[in-house]
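In the two complexes that follow, chain A is the common piece, with chain B as its partner first and chain C second.
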Partner chain A sequence: MSSRRSRQQSGSSRISDDQIIELVSKLRQLVPEIRDRRSDKVSASKVLQETCNYIRNLHREVDDLSERLSQLLATIDADSAEASIIRSLINQ
Partner chain B sequence: MRNQSSVKQEFLRKWITGLRRYSCEKKNMSFFERKKAIKLSADLAMASTRDKTTRWSQALIANNTDNVFIASSSSSSPKKSSSSRSRNMTTLMRRSRPTRVKSAKKEMSSARCIAKRLMEKRTRKLKNLLPGGESMDEGCLVAETLDYIQSLRDQIEVMRCLVTASQLIINPS
Partner chain C sequence: MSSLQSNADSTNSEPLQRSNPKKRRKIGHTNSPTLVPWRSDTQQRIYSSKLAHALRHVLRRNHPPPPAKSNTGREVRETADRVLAATAKGRTRWSRAILASPLNRWKLRRMHKKVRKAATGLAKRSPETRRRLPVVQKKARVLGRLVPGCRKLSFPNLLEEATDYISALEMQVRAMTALTELLTGGTSHASA
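The block that comes next holds the complex of A and B.
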């Protein structure tokens, strides 16, 4: 992590280097792309970029799962046995 | 840090409650209406597990409350959070001082400028992705981001389970 950069980024309105370090260490447990990167060379803006990409992927996943669930529920014939099972699951 | 499995259980319970209420009120939904209901109730259920302790969850709930469970309003536009540009953001822009080139070489200072601008740009992008992020100051941004990511992961895991279970029920082969 460049100490040079920390000297220029003064003021509390900037994301501090410490916060970037914390973000990286926590994210490394979660995000595969950051995990494979060498720890000493990661740049703050790259970390932010990977984070944004990851969040976008997660959003896409939620959207996709909602779609699949909607499709599944649509295929259930309202009077079928499957419908009653799912209905009882949901109605617990 | 809360017990992750208790968070997931609470999410599942609330999500299913929401789904049930929505399906009672609207009988014949189109595919997209149903999908929207599923996604919205999931997002709200996850946000409510935070119990107002994080800003993103409060913003998400505030932005979506009009949409919820009202059979008549099929597509009301979500209420945007009132703060347009946060004060911190404008201060940040105004405070970006001109490059103080004392003894540094010109190439060095423009590289620093670029780096700084890149950071600002990416910070802005991150803020746009977080619910309520535009009005967050950078001090809490990291913590909120981490919490939001964790909750999205939990939400996805539970949703995936329900999808898989439903698939197995429908196609037992």
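The block that comes next holds the complex of A and C.
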């Protein structure tokens, strides 16, 4: 088990550290928590942590929106809903 | 970040110069040029219309609403995810994973959570060489579980998938929020 572990890690270290740093900085730009703070001292683990939290928050938002949408759709007629949606998309 | 903003604007304001609206300009942004620009208005409109169309089928199925089980919310969520993955045109791993297994994804998630909790107690004891900090590795694993279909991905690919997934999720939230506001405004119009 430990030999497999070390082989895994020596395999992954072939990826350059610079590449990792670049990807982490790209991630940093996306997550608003980190982007709005002073971005010099953020470690990689903190970036990953905030990314996980952000994705979980987004999932939760989508769930809430789905619930609201399902309740709204239950009370509205399908055709008029789609018609009004498409009409507004065209008018934008 | 400003380069991304200018990309979104240029997609809308210069449709004649760019024949393919999905290509990004390479101003400092070295992402692969074939990925979907999640921030563009056009993309959001495409997603909204596809979602509206897909939700219609959900409505039809539930129109005599079964009062016993009220899991329409989950159906809406699954539909939204599937339409999102379809809008991604299958170029990313997470979108392919969503499209590949829509049926049991939620049940699998719950089962996986229980199995994982039992297994992590055993596998952590081996002393390892410190190539990559184990803290980062643990966080990377959590991230791999959050992004669909990315559990066994290498670290840089995982980060790439995560960046695309986050942008897609943000667009999904924007589109669904706009849709909800529209429908809320629509009902008040209808009743008046």
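In this section, the second predicted complex is superposed on the first by the 53 of 92 C-alpha atoms of A that agree within 3 Å, B and C clash if a C-alpha of one lies under 4 Å from a C-alpha of the other, contacts with A are read in each partner's own complex, and residues count from 1 in each chain.
Everything below uses one rule, namely that contacts are C-beta pairs under 8 Å (C-beta built on N, C-alpha and C of every residue); 3 or more make two chains touch, one makes a residue touch a chain.
These figures come from a predicted structure and were not determined experimentally.
Student: Applying the document's definition of touch, where does A:Thr51 land relative to chain B and chain C: first, second, both, or neither?
Tutor: Once the two structures are laid over each other on A, A:Thr51 reaches both partners.
Student: For A:Ser70, select first, second, both or neither according to whether it touches chain B, chain C, the two together, or no partner.
Tutor: In the superposed model, A:Ser70 contacts both chain B and chain C.
Student: Just to be sure I read the superposition right, which of the two partners does A:Gln29 touch: chain B = first, chain C = second, or both, or neither?
Tutor: second
Student: If we overlay the two complexes on their shared chain A, which of chain B and chain C does A:Gln19 touch? Say first, second, both or neither.
Tutor: Once the two structures are laid over each other on A, A:Gln19 reaches both partners.
Student: On chain A, what residues does chain B touch that chain C touches as well?
Tutor: 5, 9, 12-13, 15, 19-20, 23, 26-27, 30, 44-45, 48-49, 51-52, 54-56, 58-59, 61-63, 65-76, 82, 85-86, 89, 92
Student: Any idea which chain A residues touch chain B in the complex?
Tutor: Per the touch definition, chain A meets chain B at residues 5, 8-9, 11-15, 19-20, 22-23, 26-27, 30, 44-45, 48-49, 51-52, 54-56, 58-59, 61-63, 65-76, 82, 85-86, 89-92.
Student: In their complex, what parts of chain A are in touch with chain C?
Tutor: Listed in rising order, the residues of chain A that touch chain C are 1-2, 5-6, 9-10, 12-13, 15, 19-20, 23-24, 26-27, 29-31, 35, 44-45, 48-49, 51-52, 54-56, 58-59, 61-63, 65-76, 78, 80-82, 84-86, 88-89, 92.
Student: Give the list of chain B residues in touch with chain A in this complex.
Tutor: 16, 19-20, 23, 31-32, 34-36, 38-39, 42-43, 88, 91-92, 95, 112, 115-116, 118-119, 122-123, 125-126, 129-130, 137-139, 141-142, 145-146, 148-150, 152-153, 155-156, 159-160, 162-163, 165-167, 169-170
Student: How about chain C: which of its residues touch chain A in the complex?
Tutor: 1, 31, 41, 45, 48-49, 52-53, 55-56, 58-60, 62-63, 65, 72-77, 80-81, 123, 126-129, 131-133, 135-136, 139-140, 142-143, 146-147, 154-156, 159-160, 162-163, 165-167, 169-170, 172-173, 176-177, 179-180, 182-184, 186-187, 190
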